[in-house]
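Below are the structure tokens for one structure; questions will follow.
Read from first to last, the chains carry the letters A, B, C and D; within each, the first residue is number 1.
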Amino acid sequence: MEQYFIQFSLLILFLPLAAFVVQIFLGKRLPRQGDWVSISAIGITLILSLIMFATMLSSYDSGFSKEASFTWIDMGSFSIQLGFLIDNITIIMLVVVALISTCTHIFSLEYMAGDIRYSRYFAYLGLFTFSMNGIVLANNLISMYMSWELVGVSSYLLIGHWFEKDTAANAGKKAFLTNRVGDIGFFIGIMLLYTAVGSFMFSDIFEGVAVGKISGTMLTLAGVGLFLGAMGKSSQFPLHIWLPDAMEGPTPVSALMHAATMVAAGVYMSVRVFPLFSPDALLVVAYVGGFTALFAASIAVTQTDIKKVLAYSTVSQLGYMILAVGTGVYTAAFFHLLTHAMFKANLFYGSGSVIHAMHHALHKKHDHNTDPQDMRNMGGFKEKMPVTYWTMLVSTLAIAGVPLFSGFLSKDAILAGTLAFAQHHPAHLLLPVFGFGAAALTAFYMFRLMFLTFHGAPQMPELIDDIHESPKEMTGPLVLLASLSVFIFYTLPYVDPFSDHGWFTDLVVAGDSFVPGSIPAREIADHAHHAHYTAMYTSIAVAFLGIALAVMVYLRKVFSAENWVKSFGTLYDWSRNKYYFDENYERFLYQPFFRLANKVAWLDWDLYDKYFINGFGRFTDWLSRVTGRFDFEGIDQGLVDGTGRIVNYLGGTFRKLQTGRLQNYLLYVTAGLIILTIIQAF
Amino acid sequence: MADMVFWCIAALTVISAAFVVLNNQLLYAAIGLLFTLFGVAGLYVFLWADFIAGVQLLVYIGGILVLIIFGIMLTNQISSVRLSQTNVQQGVGAVVVTWLFIFLSMVISKTPWLIRPALEPESTTAGVGTLLLTRYLLPFEVISVLLLGALIGAAVLSREGN
Amino acid sequence: MGILSLLIWLPIMGMVAIAFIPRKYEKYIKITAAVATGMQLFLSIVLWQRFDSGIGSMQFMERLEWIPSFNIAYILGVDGLSLPMVILTALLCFICVFVSWNTSKAVKGYFALFLLLDTGIVGVFLSLDFFLFYVFWEVMLLPMYFLIGIWGGPQREYAAIKFFLYTLFGSVLMLVGILGLYFSCGKTFDILDLMRIAPEALQGVVWWGMSGIKVIWVLLFIGFAIKVPVFPFHTWLPLAHVEAPTAISVILAGILLKLGVYGILRINYGLMPDGVYWFSGALAFLGLINVIWGGLCALAQTDLKKLVAYSSVNHMGYALIGMAAVIAAGAANGTNFKAAQAGIGGAVFQMFNHGTISAMLFILVGVIYERAHHRDIDGFGGLASQMPVYAGITAVAFFAGLGLPGLSGFISEAMCFIGAFPVYRGIVIASTIGILLNAAYFLWAFQRIFFGELNEKYNKLPEINRLELFTVVPLLVITIFFGIYPAPYLDIIARTMDMIINSVVSLSTFAGM
Amino acid sequence: MDQLTNYLFIAAVLFSLGVFGVITRRNGIAVLMGVELILNAANLNFVAFSRFGGMNLDGHIFGLIVIVLAAAEAAVALAIIINIYNNLNTINVDDASSMKQ
């Protein structure tokens, strides 16, 4: 089958785009607003991805790689090749994208039913899938960057799907602009690499790095530049502000883009270009990732909006992955990306299911003021929504890092890598602290979410009778993804729940960095292996600590949450208000910026143009007045009119000769002629 | 013989020209003009200009003169007694014109005229025709357009009730 | 008469035909204009088909003596630099006839002047004699003055006179530069001859203690910079764009601004390669200022048309930066031919792309202005639900303006940056802020106009109609096509770009200075 | 008769008489007749110069053109005179002075 992979990839790439085009132009006129077009396109994509996946498993070759390129731009010297790079990472990522995308499509059938822009919604999903696959398949920086931006646009469009709400429109814009900040870094990184190496292809760039065409500070800067792009897309501190706001979009979109795939693009890209990160750049990556993991988790603890909790949880988990890239265990990062995509998408679908139920219940009560996403209005949904509850529980266990579930394996791999890194670089002890701290917090806030939503007494008892389980289109994806959160799917053909050893680790093997002087991948893996058990026991311990705390506070009510709030006053406020990031950005970044823009516009129009440029006009005007005066009074009145007056006088004298009789004139002429000749003759 | 004829014609021309400008009766003046034109035509013949002489007869006498006589007839009621007119500034005019004539005579007699030997007399019609249609084609066309314009203009101007 | 002459004189024929149509038959006047420009468009496509993109030098040359005593001739020719501009001109003029289809004020005069303008523009792009070039340059100016001054908005007279004086100022400097070249390079106006003669003839020429090359370069540059417009000479642009009728704004932004860049590339680069080395740093820096200044000004605007106008200032900055990259090919900069090609190719591509994109933006502004009778960005709101098709097209146009991949603007901007990066690293990095500014002002404006609750005043606003669609869609298609597959364009220009780069590199003695 | 000056003298006489007529006559038609005399004098000169300049036919052409002009002039002039007469009932040139200031 491998010989067909390129054709498959082409289909995988362009089918969703075709669906997008069809939906945009014909969507509203098709039966059922054309949702079947999108579903069938994405379905075929999924099938093709699965065929590729199956082929990969059957050949079981960790070194598999296939590349195809074509010349896109050729001006003689300057040329750009675009193409596909298909290896095991690509195939796994394709499956993730196709799978989550298919689930989202199916989930949306019910969730978005009756929406005024139903066909438009599916169109944008198609555009997103296309551009996401573009990132995944790229074998060069240019097409990756292009898809990167297109992903940003589809995110903009989908977040702003309900653009009548100002918050949604703002969130879309914020997402796009924040991403653009990262993209600028990405682009500068691309330019640095291209200038040094003369190619955009990953393989050429790696080769160039290996032979030292670019090294030292420049290489670090290029790496940081590329990573800036990843920070934007993966919502890392300090560019994390857009992702929580992005929850204004429809929940299935949040599951697809802002949990599983699009935000993971940053991680995917870091994994792809890992071989060119210099040690210094990696350190930056590690600290940003580690800090984000802890920082976002600390915000998630106090949020009351169910989607906001999940959003910050996503930021935190992405921080984990980035941390893993930074500490060198990038395969672990990719592993976590894979498992996280499944359980986080599932959590979002679960929250979507809850919100859907709340929404309908509130709708029935004609209550439009209560926020259907606020967990303080929920509670006791366990019996009413059993499927949602159980599937979410599985995912929560996975994300908390409880053994037997997928998250445990991947998180453990990351923590092991981080710990090993700290063991060999004791100066960076903070990194594992970030990691384990975030793990404890994750367990705590996730169970807080579960308890507040599903356990305890209903906070709004009048609603509870109208809360119903969601229909099959929504529970189907829930069940599917929940089952994919079980460890067994990742460790086959082995069945050891405490080791991540399985098809994934066999097929995705870390390669050496191309930066001269880096630690070989083999050595990093050995270090991580040694740290494995320490990390595992610690992580199980912190996870259970977090869970126990949540049980005591929110289930058993041994401690009162209110008292905690009081004793941690300032800290609570900060966390509750997301450390005032939005406010401070607004105050110290956006507002000064707008003021600058207004100043510049004022300078340009009201000062420069009005006084300087028009000043020329005024000066000329004044000058012309002065010369005009001189002209009129001096030359015109004096010289010209003076001549005129003299002529007038003479004319008065000579006019007497004018008889008006032609014959007189003729006589004068003849006489004059004769007189002239006489004068001439003598 | 030829000499005598020449002088006779010259005399006829000059005398009738004087008659044209001096006679008070307009009709007589016009008759005088007729003879002057005849005389000039005769002089043309002496100058071997047969074609011009013919044209002089046809156009001047047959056309212009008839036109002038018509003009006289139309602008003076036949019943009114004299088709006459009065002159002005005759004294001054005579002096000036005499001086003019003297001056011209001096120029004519004092100028050393360059005379080219004449060829045998022959008909000029063919030569004139060739020249008109070759070297002077443009003036020829222009003058014909002018003539046409003048005629149309004259017709328009003299229309009744204008 | 060759095809190039035909291209130039077709609109004039149309103008003469219109002169004979009585004033009251407005429809036939419009049809005549459409036919003239349509035939021109057809001819330009024929020209494109017959153009050999493997040759970088002039093709379809025409030559006639005009005023032999001053060595002035009627020389026409087309190469990879001018061909796309000619096609763009023909296309935009054709479209603009339909944009102004509903004009009701003095239709006859409007279309007659419009066709005269068309002739002037095509003439500038095709003429290879400096004198002829200047004549067409001025021919263009006058109809523009009347078109703004008579058919414009409330401040039209002020805008027209400002435009006129600004441009005339530039023309005068340019004329002085032209005469300087004429007298110091063997008294010829033939640009191709000058290209051979000038680089050597200008060596060591000193006027009033200044190098002759520098003086002429600066004179010509200012003349062209006013058209571009480069930063300190840009203030005519917002006013003229805002006050001009829609079709004229389209021509202004779509083509007239390109004349500046075209002139710099054709004349300054072609004739004075030494000056390129001397000036390219300043050029890149001016580009940076254009990008940042234009972006910030656009961000602060409340008038939609003014925003688009300032976005032109911003976008032309990228082209300037790309042009400066040409020196990367020189020995002093590591003979990076790739970068030079990317930069100058990007600049030339940016000319075309900005031509289509800004034309689209102005047409779209015109559409909304015709319906709502104002252009205040904050005065709309929620139009996306009322006019979905219009909103969609505007979204694509805005995205093209902010350089979204998949649309043509991205490729040219990226090429400009990539090309200039090796030589002007700092300037390029600073100007990437422009990418953010682009996105900020376009998205913010888009949100204020189209998102949010529908403004009650506009719940009866009609959707974009077929005629307007007909004017926008071709540009939209071009933008998307070149965004996906830019090769056809780059193939046309590549060899000519090579010639420009080579002339700069090989003829320049400045590299060692 | 074979001398140029003879013809020139005759032409001079005609010319002088024509000028005299134009200066003195008050009747428009008489003035016109004076003009005809002047034209004939000029014509005579043309033809005479032609004859004694080596039979160069250019003079004849000029003569012809003068004749044609004379015809045109006479036609127009007479039309004008008749018009004046119809409007003012006089053809004295002095009386037609309504355009005089």
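The criterion applied here is as follows: a residue touches a chain if its C-beta (ideal position, glycine included) is under 8 Å from a C-beta of that chain, and two chains touch if they have at least 3 such contacts.
Note that the coordinates shown come from a computational prediction; the quantities given were computed from them, not determined experimentally.
When the interfaces A-B and B-D are ranked by C-beta pairs in contact, the top one is B-D. Between chain B and chain C the centroid-to-centroid distance comes to 73 Å (mean Cα coordinates, whole Å). As a whole-number value, the distance joining the C-alpha centres of chain A and chain B reads 106 Å.
Here the spacing of chain B and chain D, counted between their Cα centres, is 6 Å. The centroid of the Cα atoms in chain C and the matching centroid in chain D are 70 Å apart. Listed for chain D are residues 19, 23-25, 94, each touching two or more other chains. Among the residues of chain B, those touching two or more other chains are numbered 88-89, 93, 96-97, 100. Here, these are the chain pairs in contact: A-B, A-C, A-D, B-D. The touching residues of chain A, when paired with chain B in their complex, are 663-664, 667, 670-671, 673-674, 677. Residues 162, 165, 232, 235, 238-239, 293, 296-297, 299-301, 337-339, 341-342, 345, 382, 384-385, 392, 399, 404-406, 410-411, 414-415, 417-419, 421-422, 428-429, 432-433, 435-436, 439-440, 443-444, 447, 450-454, 485-487, 490-491, 493-495, 497-498 of chain C are the ones that touch chain A when the two sit in their complex. Residue ranges on chain A touching chain C, taken from their complex, read 24, 72-78, 116, 142, 145-150, 153, 156, 160, 163-164, 166, 168-170, 172-173, 176-177, 180-181, 183-184, 187-188, 190-192, 194-195, 198, 594, 596-598, 600-602, 604-605, 608-609, 613, 617. For chain D in complex with chain B, the residues that touch the partner chain are 1, 4-10, 12-21, 23-27, 29-30, 32-34, 36-37, 40, 43-44, 47-48, 50-55, 57-58, 60-61, 63-65, 67-76, 78-83, 85, 91-92, 94. The touching residues of chain D, counted against chain A in their complex, run 19, 22-25, 31, 93-94, 97, 100-101.
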